[in-house]
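Chain naming follows the written order as A, B, C and D, and within any one chain the residues start at number 1.
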Amino acid sequence: MAMNNDFNEINLNDGDLNDTITFWDKLKNVFRGNSLWMLHYCTGCGAVELPPTMTSRFDMERIGMGPMATPRQADVLLITGYLSVKTLRRVIYTYEQMMEPKYVVGFGSCTLNGGIYYDSYATINKLDYYLPVDLYIAGCMPRPEAVMNGFKKLMDMIKKGEATGWKKYQRHYEDYYSPNQIRSLGEVYVKDEFHE
Amino acid sequence: MSYLIGLMLIVIAFLWQVTLEGFQRKVTAKVQRRVGPRWYQTFMDIFKAFSKSSISHGFIYDFGAMMTLGGTMATVVFLPFSGIVAFNGLDNFFVIIYLLAVGSLGMAMSAVGSGNPWASIGVMRALTQMVGYEVPFMIVVFGMIFGYGTSSISALVEVQAGGFLNWHLLRMPLGAIVGFISLMGMLAKKPYDTPIAPAEIASGPLVEYGGKHLGMLMLQHEFAVFIEVGLFVNLFLGGGGIVAYLIKYAAVYLFATIISAVLGRFKIEQVVYHFYKVPLALSLIQAAVVIFTGLGVEIWL
Amino acid sequence: MINPVLLIAIPLLAAFISVFIQKLSWVLLFGVSIFTAISGFFLQKGMFMIGGWKPPFGINLMIDDYSFIIIIVINLLFFLTLLSGMWELKKNKTILMVILAGINGLVMTGDLFNLFVFLEIITISGYILAASSDKYYSVFKYLVLGTLGSSLYLFGIMVLYGTLGTLNMADISQQFPNVSGSVKIISLTFVFAGLGVEAKLLPFNAWVKGIYGNTTPLTGPLFSTVFATGAIAVFGRIFGQILVPDSTLIFAFIALGLITFIFAETSAMASKKLRELLTFSSIGQAGLIITMFMIGGFYAALIQLINNAFAKTILFSYATKAYKSNGDDTINNMSGLFRKNVMMGFGFTVATLSLIGLPLFFGFYAKINMLQSAFALNMWIPALIILGSIIEGIYYIRLLVKLWNPGEEGQESSELAQSQFVIKNGFSLSLIAVLIGIIFVVSGIIPDFLTENIAKAADSLSDAATYLSTVLGGI
Amino acid sequence: MTINSLIAQGMISSLLVYLLTKLNKKLGAFLTVLFSGYLLFVIFGFQNSAGEVFSLIHFGEFELTFMTSHYAWYFAIVLTLTYFLVSFFNPYWMKKMVNPAAYNMLFMVSMVGTVGVFYAKDFLTLFIFYEIVVWSSLFIIPMGKSRKTPVIYYTISSIGSFAMLYAIFYLYHSVGSFDIQAVSEAMSQAPNTYRFVFFTMIVAGLTKLGIFPFHTWLPAAHGSAPHTFSPVLSGGLVKVGGFIALITATVIPSFKILAGDLQLMGVPFENYLIMLLGAVSIVVGTLMAIKQEDAKKLIAYSTVSNSGYIIIGLMLNDQVGFAGGMMHVFNHAMASGAMFLSFAAIAYRTGTTKMSELGGLIKRMPLTFAAYLIAIISLAGIPPMSGFASKWLIFQGLASNGMMFIALAAFFGSIGSFLYVFRPLSAAFLGQLSPKHKDVKEVPWMMQIPLIIMSFLTIFYGIFPGRILAYISKIQESVGLKGVEIEGTKIIAATGMWDSLVITLVFGGGFMLAAILFFISPKAKPVDQMNTYTSGEFIYDPDHYHYAKNYYATFENNYGNKKRVELFFDAVALRVKEFGEMVKTMFFAKSVSFSIFWIMLFFTLVYFWGDKV
């Protein structure tokens, strides 16, 4: 298990990542900001907060969001809780299958610093090492209000062209994300469909 | 000239149906006691999809997407829209039904071409469902074609002119019921949304689509809805002028939406079984009544 | 022109000589056979008195167009049989010559008792030949039934003799319409049953399975072609011309013929061994041909008789050869055997297709003639004939498909799955097969070159007046 | 060139082919290509000839004669075209064939035989060549996968052909002539005779077409025949049955002779009964095709279903439906020929036609895929391929007569065909490419030619179906029907019209629009087919990841898996065999006493009734 201090720190925010330059870019970002489709990766207890967010009580659809079944269709990857090493692999795979632009929202303290599992041998502590998180929603658990608020914030970021995690991932995959991922996951030996 | 009218029809279909789709989502939300999205939300979704990047699983994946949208847009051109017929006399019922199948075939090919088994399962379900809903619907229309001696849809609209008492909804009530149930099946609305069941098979044929491919399929879906609801309006509600047509259209579509908003989903074998039990029997009765007694065509109260 | 008496006398003489010079007996046998086969074509037609007594008092031989063509066919078949079974002759050469004499006499004779004598000659020789297969129980059964048949026949002609006071065929046929009904019934049924044993009609033919089913390359073709053709030809002569039954009784006979045809074909369908299958096919064909004789379709009957005889020569020779070489004739074990000897396969296939009556082969001409003459009577007989043909076709096609195409079910046909069987000493058979095959194909396309004489024969059979005047004209 | 010398040449050159193949396998096969091309060329020259009489030979007291006519030309050209195109595959299969010389010879004989059937002037000639076709094709089938199916084929086929033979001689007995024209004139005075003949003779057509309940041989034989012969059987020889039906019901004008009979929905009840059988076979064919695991079996069952359309169209005997049935003869020949050929191509490269063992072949065999795709679009009756024209005409014919139960079957078969034609497309061509077939290549160029030509014809006559329909309307007029109405590319029926060219153009326009939309959007990134959404799971084995087995399992569950007709026929065959065994034990028992008993019984019976003499 890789410890936090094993990761090399580099400046991920180098260069200008903001893509709201031309009129067309702005227009595109308006569409993207108004229609966010979400893939929720329900690993932890955070998933229980999503049904009220989606359904009548808070009604996510009124701001143009909706749950999607596959990463190909989705814009936002919502990670709702701790990630074990084994699930991290799946999350990365899923993230890479999403269409750009794509955004990652870390949900709850587990994705920030490991939460109550911070000292577990099997979980990762900080999601940002492996995937470019655009927005964290803090709390354990965050209430649906907080979730809605977070999404609203994400939409504003998109419209301003600030949600550029996917560009970071592209630019720093070789020197940052990929080495971090490999360090945590180790090499995987494939035996058959169901055993690694 | 005909081709320009056709192009115009496509544009109208796009604007009208996508707008109505927003309202439809709003209505569903209201039934479920939600606020619902803004009315232009579907425009946003479609344009966003076209702005995103996409992946391709090979030639047939792209070709199928183009074929499905192209085929469905071609079908829009042949459907009479409130008395506007792009090609006079060529608005044949069978042409529309089978040209619509080009779209389905393209989508099926493209989806299976992605290599995802969920897409195959979704396509399997879509085709199976098609066997369910098409046959009763075609039998009802078959009765009409025999009764009036024409399979041109605009001619079938004309015979319903002159007041709502002449609508087939009232002249052939059984047929209209079958037509409406089949319409629900065509629209893949609950309880007939088996092919795209997102929670079961990850939205079935659409599982691999993202970006512009998804955008094209969403467009195709809107056009297909336009044709299917339009068929019902023309065949059973007597078409009408532009305003009347649009009102009828909206009423039918929203009625279907309201029903589907409160229902669960059938299993696929239940769909077929269901369609072949009551709707098929009703359609046969209706056709028999029209063919053997003329009730609803020549004889009317 | 050759005197027909020679066809009986020379084989008998040769048989007598061969007893003394055993070593040269095969020369005698082949010589006699070739002589009869050739001289058949040059036979002098007309009536021949034996011993100078004029009919109806003396015995006479009658060569009209009918017996002329039958003689040719039988002698040719006999020669082909010898060719096919020349490795099986052993000590049977004398017997074979006696049979040749008997069968020629059987066909030519103009006297009912004389016919009985020849019949006895060939059946007794037949018992001896059949015993060479070591199936003694079957032979015993044949013996019992054969004797029963002969005695029934003898009863029949006794009644006739008692009533009419004559045994001459021509004389009887002249007087027969005038005898009382009960005498007719008694004599006809007895004669019918007696000849039915040899002609393999259904209730009288229990012996056939044991004998035909266990034949050797010699006896197989001999029984199934030479004997069968002779017996059926006599049947045709007697019931077509001499003792023509009345309308009611004829339907009983026709029914029996058709029952034989259909029943035997279904039995063949249920057979798994090649010789047994061919046996039942022979019975079925006998029933069919006799039916045709009974309903008056002499032309069709003769064509089918010849078609069947030549086809069965190849079929039986092949089947018995296959059994002889391998000790087994289960059809399933023979898959792909034709691939090893294509010439025999060709002959066998053509013969079979001709027997079924498929176009491009001679049998088709026979079939359309049969249907034509059957339709002249009523609508049911052709329907039954067609039903029997369907069944016949099925099992023959099953056989051919199996024999041509080796391979497991569900796999592509390939040489790997070929049967281990071989055919030994098959050269003469190949020759016969190709020869007859070609004749079948050619006559299937242009039947005229064969049918001219057959038509004459059929005419002579239906023309009783000429027969009478030829035989009794001298009085 | 005359028909009779053509047939003589064909028969002689079939022998030549046999000898040449013995010398050199490929050479013989190329000769079949050459001769079938020559035959096609010569037959093509008879396009406008009608009423020319050629005498072949004297057959005993009968004379075999040929007469040219429009309907004969139509069928002959479809058949020779199918044979010609399929023959391009022959040279490549010689190595795999167990008996190539016989294959080539029988291929030629059956081809010449079909021409003889179509041009026959009299029933005897027709029957002779019909049977030649049957037995020559019969001996090719066992070179494929099964030794049982040819027997089933022969059994059912001979039921048909002997029923026809019976009818022919019944006619000869009552009319005194074999001549079709003479019979047809005589029949107008004798509807009672004709009614009987109609049913007995059409059985031959039904068996050859594979109409219920005689359909059982068709999937068995077509599915197990050699890969190169299945397209001929399905695309070509089945149409011989259609021709017999045409002769029985239309050339002998049933619609006039039986006009006094009970009319059901505008046709005589006799025709309606046959149409009902056609309707049943559409449903049976569709349902059975849906659940086949083997692609060839599937296409064979689809043939059963499409034969139903042909017979329904022909039995309508009207202006529109009849034209549809006739055109379907051509469409189905091209479509099912192309489908079988594309699977022959697959079998050539991969050695199997089982769909669950294939998959993803579009990347390796794109041209085969394209040919298959065009063929299925035509078979499913989707515009703008030629299959739509015929189905549309049949639907209009049914609609104008109000035959709702037959229409029910027709609609069901039409929608159901989407299911079964899509399955091989999905399971064999699309989906995951199996590692076993990673090195598969496209078939050699000579095998591509027929695929290209068939696709071209399907598209061409889809855009201009009027070209064929114009000729069909000539046929209709020659048999006393009203010709189908065509105006340019518009096809007009009493109950509506459509314009094939406009549909094609509009579809093309729509496709262009979609393509523009596609290409102005951001370019797509190509990814591997294994890179798909799997709920985050990692997949390594394409074979396991390919959805091909039990494709429509949920739908099949609705109607179960009992082959009732097959079981019935098996039961009949078993009863016949049991009866044979019974005869053996009762009449050929070991003990002599049995036969003594029978002899006694015979005498007793005769003497019981003897006093009636």
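As a convention for this text, a contact is a pair of C-beta atoms (placed from the backbone, for glycine too) under 8 Å apart; a residue touches a chain by one contact, two chains touch by 3 or more.
Since the structure is predicted, the reported quantities are computational estimates derived from the model, not experimental observations.
Enquirer: For subunit B and subunit C, which third chains touch each of them?
Expert: For subunit B paired with subunit C, the chains in contact with each are D, in label order.
Enquirer: Could you tell me which chain's Cα centre is nearest to the average position of every protein Cα atom shown?
Expert: Going by the distance between chain centres and the overall C-alpha centre, it is D.
Enquirer: With centres defined as the mean C-alpha position, give me the subunit A-subunit D separation in Å.
Expert: It comes to 59 Å between the two C-alpha centres.
Enquirer: With chain centres taken as the means of their Cα atoms, state the distance from subunit A to subunit B in Å.
Expert: 38
Enquirer: Can you work out the whole-Å distance between the CA centroids of subunit A and subunit C?
Expert: The computed centroid separation for subunit A versus subunit C comes out at 95 Å.
Enquirer: Please tell me the distance, in whole Å, between the geometric centres of subunit C and subunit D computed from their C-alpha atoms.
Expert: That pair's centroid distance is 43 Å.
Enquirer: Would you pick out the residues of subunit A that each touch at least 2 other chains?
Expert: Within subunit A, the residues that touch at least two other chains are 70-72.
Enquirer: Mind pulling the residue numbers of subunit D that touch at least two other chains?
Expert: 531, 533
Enquirer: Can you work out from the touch definition every pair of chains that touches here?
Expert: The set of touching chain pairs is A-B, A-D, B-D, C-D.
Enquirer: In their shared complex, at which residues does subunit B touch subunit A?
Expert: 25, 29, 32-38, 41, 44-45, 47-48, 51-55, 198-199, 202-203, 206-211, 214
Enquirer: Would you mind writing out the residues of subunit A in touch with subunit D in their complex?
Expert: It is residues 70-72, 87, 89-91, 93-94, 97, 190, 192-193, 196 of subunit A that touch subunit D.
Enquirer: Subunit D touches which residues of subunit B in the complex?
Expert: 2-3, 6, 10, 50-60, 62, 65-74, 77-78, 87, 89-90, 92-95, 98-99, 101-102, 104-105, 108-109, 112-118, 120-121, 123-125, 127-128, 130-131, 134-135, 138-139, 142-143, 145-146, 149-152, 155, 202, 207-208, 211-213, 215-216, 219, 267-269, 272-273, 284, 287-288, 291
Enquirer: Per the contact definition, I'd like the list of subunit D residues that touch subunit A in the complex.
Expert: Going by the criterion above, the answer is residues 531, 533, 536-541, 544.
Enquirer: Inside the complex, what are the residues of subunit C that reach subunit D?
Expert: The touching residues are 137, 141, 144-145, 148, 152, 181-182, 184-185, 189, 193, 202-209, 246, 248-249, 252, 256, 263-264, 266-271, 280, 335, 339, 353, 358-360, 364-365, 367-369, 371-372, 375-376, 379, 382-383, 386, 389-391, 393-394, 397-398, 400-402, 404-407, 409-415, 445-448, 451.
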